[in-house]
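The structure's right below; bear with me while I get my questions together.
In order of appearance the chains are A, B and C, and numbering begins at 1 in each one.
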Amino acid sequence: MADRRITAVQIETREREEMIDVTATVRDIVSEGGGDGTVVVFVPHTSAGVTINENADPAVQRDLLLWFRRLVPPTNEFAHAEGNSDAHVKATLVGSSVTVPFVGGVLRLGTWQGIYFCEFDGPRRRTFDVMIQG
Amino acid sequence: MADRRITAVQIETREREEMIDVTATVRDIVSEGGGDGTVVVFVPHTSAGVTINENADPAVQRDLLLWFRRLVPPTNEFAHAEGNSDAHVKATLVGSSVTVPFVGGVLRLGTWQGIYFCEFDGPRRRTFDVMIQG
Amino acid sequence: MADRRITAVQIETREREEMIDVTATVRDIVSEGGGDGTVVVFVPHTSAGVTINENADPAVQRDLLLWFRRLVPPTNEFAHAEGNSDAHVKATLVGSSVTVPFVGGVLRLGTWQGIYFCEFDGPRRRTFDVMIQG
């Protein structure tokens, strides 16, 4: 029988731009249900996103944020009055969801992969959905 | 029982670069079937894509297109003879699909989120698939 | 009954940066199982990714790699000691998975679409997962 299970997770971000490792949260939710399938981590915000990247050296996460600022600096060329268009562009570059297969309740992440909530306009209270399709 | 349902949607774009809100179309298709699951919006083109971003202030969409042109300008450094390599690069930056969870036939989009078909080499007749996995 | 089937595929890359067409591999796996659903191609690496783009003119793939190098050059501004932070940024820009619907065992790819494994820090032995949700 198809298993459809959604969990809404709350987090608080502390910086304007920040990558928060949410791998353990996703792993626990997948592990509870067991079985095979995919999990979708979905971010319901337009100035934040989610990506998978290296979990070993925290310098990689800093380099990512550095380069995203370089690619999309806050600039007065943007029309959007709230002044956070750079965050919206970054959200689209990163994407609003990641999909990860799992087998026997175990995520098929590579050794160095972590799942990161990407804050581009914090600090804020944020949420994300963890949707199991088993 | 697993529900698999695909709908092909036709649209016509009017500009070379344009973001077209297709949220209502996706919402209606998901609503018809009800239940829980995920919906995948898939774009079968290589010079267009799909993203989720703010649906309130249209300036955000203009800012996105502005910055994508800044990041990937049409340039004679590209080898592809059709002269639309910038559109291909933008398509890969944005991505060819988005995945959104739904519960009880209701999309789990955030308040400010809309689903946008991204035209990067129009105007053209385009299609996209809406695939339900309920 | 829900069909969940995962296949791990091995490849060897030969350049630092390279796009490898894996469409035929994915097509064969989907064709074997038949039916309707989606296939997820997932890359368990943090300096490689996967994208969908044009399969006709190989110049498009060279243009993509050219522009990704332009957007994220190897630079000594990065903190990560391994010196491959540009590859990590590119991996996040491209993404770690693509999702493609299929009907009757046939991928719903557009005429000009191919699925490309994107190497950004090769040459290396790499793997990717092909996960069927039928």
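Criterion: a residue touches a chain if its C-beta (ideal position, glycine included) is under 8 Å from a C-beta of that chain, and two chains touch if they have at least 3 such contacts.
Model, not experiment: these values are computed from the prediction.
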item: Interface composition of copies chain A and chain C: same or different, split at half; value: different
item: Copy-to-copy rotation for chain B and chain C - C-alpha atoms, rounded to a multiple of 5°; value: 120
item: Centre distance in Å when chain A and chain C are each reduced to the mean of their C-alpha atoms; value: 19
item: Sequence positions of chain B contacting 2 or more other chains; value: 2, 71, 93, 95, 99, 133
item: Chain A-touching residues of chain B, taken from the complex the two chains share; value: 1-2, 35-38, 51-54, 57, 59-60, 62-64, 66-68, 71, 93-95, 98-101, 103, 108-110, 112-113, 133-134
item: Chain C contact footprint on chain B (complex, rising order); value: 2, 4, 6, 40, 42, 44-46, 71-72, 77-82, 85, 88-89, 91-93, 95-97, 99, 129, 131, 133
